[in-house]
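I'd like to ask some things about the structure below.
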Amino acid sequence: SQNTASKSNNKVIIYGIQTEPNSLNPYKASTADGRKILFNVFEGLVKVDKDGSFKNAVSESHTVSDDGTTYSFNIRKNVKFHDGKKVTAEDVKYSLDTAISNKVKGFDIVKNVNVKDENVVEINLKRADANFIAYLTTAIVPKDYNNQAKKPIGTGPYKFKSFTPQESLVLEKNNDYWQSDGAKLQKVTFKLESDTNALLLDLQSGSVDAASVDNSTVSQLDKSQFNIYEEHSNAVQQLNLNNKFKPFDNVKVRQAISYAVDKNEIIKTVNSGKGTAVGTPIIPGLKKYYDDSLAYKYKKDVNKAKSLLKEAGYKNGFSFTITVPSNYKVHVDTAQVVVSQLKNIGIKAAIKQVDWPTWLSDVYTNKNYEATIVSFDSSVLAPNGFLGRYVTGASNNFLNYSNEKFDSVYQKATIDLDEKNRVKLYKDAQKILAEDAASVYIQDISNITVMKKQYSGFTSYPMYVFDAAAIK
Amino acid sequence: MKYLIRKILTLITTLFVVSLLCFGAFSVVPGDPASLILGTEASPERIAVLREQLGLNKPLFSQYKDWVVNLFSGNCGQSIKYNMPVKNIIRGRLPVTLILSLMVIIIIILVAIPIGVYVAKKKDSLAGKFVNAITMINLSVPNFFLGIMFIWFFGMLLKFFTPGGYISYADNFLNFLKFMLFPAIAIAIPHIATVVKFLKSSILNEMKKEYVRTAYSKGNTKNSVLYSHVLKNSLISVVTVLGMIIAEIFSGSIIMEQVYGIPGIGRLLISSITARDFPVVETLVIYIAFVVVIINTIVDIVLQFINPQVSIK
Amino acid sequence: MSKSNLLLSVRNVSNFYKERSKGIFSKGGKTRVLDDVSFEVCKGEVFGIVGESGCGKSTLSKAILNLINFTGEITIDGISVRDKKKDIRKDIQIIFQDPKSALNPMKRIGWIMEEPLRVHKIGNDNSRKKEVIDMLNLVGLDESFYNRYPHELSGGQQQRICIGAALMLKPKLLIADEAISALDVSIAAQIINLLNDLNKKKGISILFISHDLNVVTYFCDKIAVMNNGRIVEINDAENIYKNPSQPYTKELFSLMI
Amino acid sequence: MKKESNFQLKFGKVIIAVILLIIIISVFYVPYDINLINGDEKLLSPSIRHILGTDNLGRDVFSRVIAGTRFTFIVSVLTVLFSSVIGTVLGMFSGYSHYIVDEIIMRIIDAISSFPGILLALVLVSVMNKQKYTIILALSVIFIPSFTRISRNETLKCRNEEYIRSAQVFGASKLRILFVHMLPNIMTSLMPSIVIGLSKSILAESSMSYLGLGIQPPYPSWGRMLFESQPYLFNAPWCALSPGLMIMITVIGFNYIGDGLSQKYVYNME
Amino acid sequence: MSENLLCVQNLTLSIENDENSYNVVNDVSFKINKGEIVGLVGESGCGKSTTALAVADLLPEHVKIVNGSIRFKDKNILSLSDDDARKIKGKEISMIFQQPLTALNPTVKIGRQISETLKLHCDKNKKEIKEITISLMRKVGLKSPEKVYNLYPFELSGGMRQRVMIAMAVICHPNLIIADEPTTALDLSIQKQVIKMLKDFRNEYNMSILFISHDLSIIKNICDRIMVMYCGEIVECGRSDEIFNNPMHEYTKALISCIPTFENRGKHLCGLKGNVPHRYDNTTKCVFASRCQCAGDICKSNSPNIISVSESHYYRCLKKGGDSKNE
């Protein structure tokens, strides 16, 4: 179609996206798709790289004090905001202060932010946090500009052009980007689709050039038209059991369920094999911390599951309800498979679909559920993002999981600055969770991006982002 | 005049009941817009801050009161999800849905009435029976499925339009209409079938009445009896049916907007419900109810024109 | 006319129809349908009411049945028809003009005729059935009708059923509101004969409403002539037929074809 | 005219009889467990092993379609049952009662019917703590207004009939008049709408499934199956075809019966 | 006066539905002369309207012509093409129906309905048509016709509607008017006016009228000749005075004797026992046999003969007048 008509210098792309960004303000945007879009508009002091490490972005370089509580950043000199103003240390301070006051994750340990000189900013922490650098991907915005929600201004390779709710969000090439080979495409249009099926139809009819799609969807596409990229989704799909709910307070019951659930069958059936079995809440993409050995700790074993159930006193099984957010086809399908697998050990599970807000309020906030299947990702690439919700009393511990040993290991890992130690502690924490079968960890669902053959340069990240700047 | 006052009073009470229903609905559904906005990673403190900012800490009833006050001041409140005046969000979409619905109604009238007359005239011929069967089939296909089949057939196979290639009416009105034609037909088809069925049986019923014999006794031909005597009377029941269909057309367009990716108020309604965006939903519901009531009033007036026995005075 | 003989007494009855107001603020007007109507019916009497269409005959019968509001006083056997406690409902029954619409199309004849007994909790199933069959015989039909539906009957038979159903409660007064107007001549004759028999043999009083002067003069002992909601003349049938005193009555009788 | 209505009625009855037969059979026997998931047999095209092929989770489509009959019918029959009972009672009271009662009932009915049905369903389904069959409740509420209107109209017609008048004359109570005398007559003209309501509720359930509000998985209603097969429409059309056809056939069957009944009714009245 | 206008011969009509078919009208023959008013009486359902509709060529679909001819001015109406038949309707033969409310189109204004016949058959411009219509409306006794012209049927009273029907029927001065129970739904006083009006029109335009009714007293008042119909057959036919003074057929006798009048007071009305038999049990040959006081076995096996009493008076019976008296 005419939209994709390409002259090499002013090539455009239409990227289909299924959920609307809930806010264009980088401190408020929380949906995965919202972050995916804003990744191209905003940059932090540092930026995630392909391999999961952090490279300098708005900052040119940085130093960390030995005790890990003071970070000092040198601001790059040729960085300009989209409105043409130069980025100053004042802007950086303003941005970080805004993050603190907005209670952005990880910033609760920041004591203060000081402007050392025009180009240097110093951040003081209340205590050390080995993960802190990951939080500094948070956006740098112009000082005292308070129209971010309507017309966001950042420093990224693309600048915001327009947003029409439920229609599209358009980005335009930022010609002043500090990296000369920043963006190649002239315009990126994120087309906001009403649902997966609509996205699939648009891909099939060609009105969308690229999108991140379901496994079930990709099999329906014409392979000769699209390049297909498979990567980790960087979220762990898990069957979460309410550890306070009657049979699930018994570790044996949880283990029995873990033995009954066959991850490979789920991956094969629901995802056409496109997924990685996991045994911990941490994504495999976080290679350093991820404990690979736990993936098959509970290999499918019906007999063992049955005998565990018997030991727990549920020889004849029991019944419970799995609550699933209905907008995720993957989870609904997985739930169906899980139900049939649990039937093998005599457990009757029913499925209850709820819409997302109901899930958030009933399951996540009020912890009023028995079991649920969802995937968790993290906005920052750090183990705490994945493990934090198992800490006793944590506000997001909707699993009602509590284990003192885990709490102390987690605590230690967080403040240990020695990388080797830290890795070991985190792995220990994962082992505890696995042993307790706190949840049934299923898989890191592969995230599949399809893109018309005329485009190239797709880059995958260990985070859920779309790097439009790399596309040619 | 009395009619007008009565209609306005009915309208107001109906709208009031509708808005109360909507309010009641919201007071019982689970879900909190603030935690929706902030997602799973938000800390309770952060949610509390946002709730405060959005005014969600006030009891729902006072939110309703605010909304009513806002409604009378003309801007219908502030959308929680989009953080802009509801008026601005709806302004761009209302025409889309209205035009879509209007197209549906026009298509229904243009297609169903000739077919209905034809079927009634040829009720015993093969062609008539064939049209009859088609009508029955059309009545039995789920709406969304029909929409998808249209996309596949007219969009992908015949390339009459680009699926997903919605064009805003502000950009190019003709292309907009061209795009909307297919969802409009898809919404219209089951209703066409209904109207055809009604018109046919209504014509056949009228044909049995005595005044038809009177008309023949004056020396009218078959056609002149049909067109100058029977048709008008048969249309009375069809207009009533049309009036009842209106509300269904809206429901149909909600689904079809979803299938075709049309940014109308149907899609907005669904996404606002999912976002628990009370002011938007409340306003949309009132809009829809308003339009439905207004169209029913128009139907009343039309009825009065063709059926002198119905008096609106 | 001795007091003990008096059955129905209608005294100064007037009635207004409110024109239903359309708007909430507008007031509906009033139409006077019955204007100070008074008359008396004795036991065992056939009392005729004639008048042009729309003069208020049916409205009067509704007032007697206490189906509508009226001013004035209507008593039966000395008891006001407005009296809710007394089983006044049993004493007056009515036969309507159109027998077809007076029978519930969904119910069998037996059910229809038993219904008044059921409502008043008289007898048990068996005794009711027996009574119905007796009644069927009385109105000249046989047992086989018990299980039939109204639409399977001819107009004359339907009207007999209506009469039978009205008699189930052994009323003292039977109102026949145009009871034969919809029937064929020969069938109408049968019904008149039946009513005549009931009157003579059972002593049931009949209030016979009709616009057919021939029938009224044939059948009734006394006749009231109504015009515009008023009774213009009451007299014995013979007197009225031979020398009507009021000009309206004269005019009316001059129309007899 | 009569000939035609008889034909329609018979044809419709045959269709529905066959489908009822399918329901009975499906209770006792289906070739495969309807929830038997098999990752190795996903989206197989029809063959001897799976006459109608398999779906995206490798379940046997034939078995699911057969068993789906039951679930679909439970929804549509109960929906129509609830809504027609409530609607009829409301309509009768509205038609037979005082002006004020009538006005109140009708305003509420107006409001419900000008309230987008989908919103109503969404709300009810989320409030009612979505279970397998919560959709029935939601659909019932949506269907109530039309039954109320019909029964109100019929009551208005009926209340001036002379047989009602005569029931009043011999002193039958209001309730008795409404439910013993009027109801059977109202039913005759409600019957066609009830039957057509059955078909409408099947369609409505499938529309609701499209929005995720229908019967809860893994239980297959035809609407749900149709919705689930939507992504595979072009590459595995058999998944959608059989539930789609079943919906069509059943709806046609009900519609024919409904039309036949209403014509028979008209004919009887003449 | 004695010129023959309509001649119906051996007309047999049958109704067909899926279960059975039977003759509604059986072997009916009669004539109507110019300027004559002929009455057709009989019980409800005996086939009066069906006969009338056949004459006006308005038979409904399910009634089939089995036999016979209807000659109007020497043309056989039954064999005319649709177009030719249409030209006669309204212009030369017109009808007045029993129920004026249902016979008028509820949504068309009175004036248009009356003038439609003119519009269809005469070459006149709008203004002339309206003038003629209004003057005719005045003539049939509609007060302020200009106002009524723009009213709808439901806004008129029963009597006014019937006047409208009459105006509609006579507007083209047809030769034959078929009046199917035109007074049944009306009040006494209006009945009388309508009858007078029809007589006036007959006198003015020398029209013939086929007057159908089940009410003998009205028939007696208006008709020159009377035909008595029973179960689809004409059982007796004669001049008005002949029928009333010397009824021959048992049915006619019964009809006359069951008229309740003051003179008959106290007498048991003769009435007829039983009901009209079902058409499709053709076991008896004389249709009246089942209700006839003097029917013998012969009546169940043989068709009745036509017995002439005078040139204008005949009846159908197996037993001669004398016989029945003896029994």
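The chains carry the letters A, B, C, D and E, assigned in the order they are written, with residues numbered from 1 in each.
By definition in this document, a residue touches a chain if its C-beta (ideal position, glycine included) is under 8 Å from a C-beta of that chain, and two chains touch if they have at least 3 such contacts.
If you want to know which protein each chain is, UniProt gives these names: B, D = ABC transporter permease; C, E = ABC transporter ATP-binding protein.
Quick caveat, the model's predicted, so the values are computed rather than measured.
*Asks:* If we define chain centres by averaging CA atoms, which chain lands farthest from subunit C? Would you check?
*Replies:* The chain farthest from subunit C, judged by C-alpha centres, is A.
*Asks:* By mean C-alpha coordinates, which chain is most distant from subunit E?
*Replies:* Of all the other chains, the one whose centre lies farthest from subunit E is A.
*Asks:* Nearest whole angstrom, what separates the Cα centre of subunit A from the Cα centre of subunit B?
*Replies:* Comparing mean C-alpha positions, subunit B is 40 Å from subunit A.
*Asks:* Using the average of all C-alpha atoms in each chain as its centre, how far is it in Å between subunit B and subunit C?
*Replies:* 53
*Asks:* Cα centroid separation between subunit C and subunit D, in whole Å?
*Replies:* The separation of the two C-alpha centroids amounts to 47 Å.
*Asks:* Using the average of all C-alpha atoms in each chain as its centre, how far is it in Å between subunit A and subunit C?
*Replies:* Going by mean C-alpha positions, subunit A sits 86 Å from subunit C.
*Asks:* When you check subunit A against every other chain, which residues touch at least two of them?
*Replies:* Touching at least two other chains: 197, 204, 327, 355, 358.
*Asks:* In subunit B, which residues are in touch with two or more of the other chains?
*Replies:* Counting only residues that touch two or more other chains, subunit B contributes 29-31, 148, 258, 270.
*Asks:* Which subunit C residues reach two or more other chains?
*Replies:* none
*Asks:* Which residues of subunit D touch subunit A in the complex?
*Replies:* 35-40, 42-43, 56-58, 122, 126, 129-132, 212, 216-218, 230-232, 234-235
*Asks:* Can you name the residues of subunit C that touch subunit E in the complex?
*Replies:* 52-53, 154-157, 184-190, 192-193, 196, 211-215, 217-219, 237-238, 241, 252, 255-257
*Asks:* Can you name the residues of subunit B that touch subunit A in the complex?
*Replies:* 29-33, 35-46, 49, 81-84, 89, 92, 148, 151, 155-156, 162-166, 168, 257-261, 263, 267-268, 270-271, 274-276
*Asks:* Mind pulling up the subunit C residues that touch subunit D in the complex?
*Replies:* Subunit C reaches subunit D through residues 65, 67, 87, 89-90, 92-94, 96-98, 101-107, 112, 115-116, 119-120, 151, 162, 165-166, 168-169.
*Asks:* Considering the complex alone, what residue numbers of subunit A touch subunit B?
*Replies:* 1, 20, 22-23, 28, 30-31, 102-103, 105, 149-150, 164-167, 191, 193-195, 197-198, 201-202, 204-208, 327, 355-358, 360-362, 364-365, 376, 378-379, 385, 395-396
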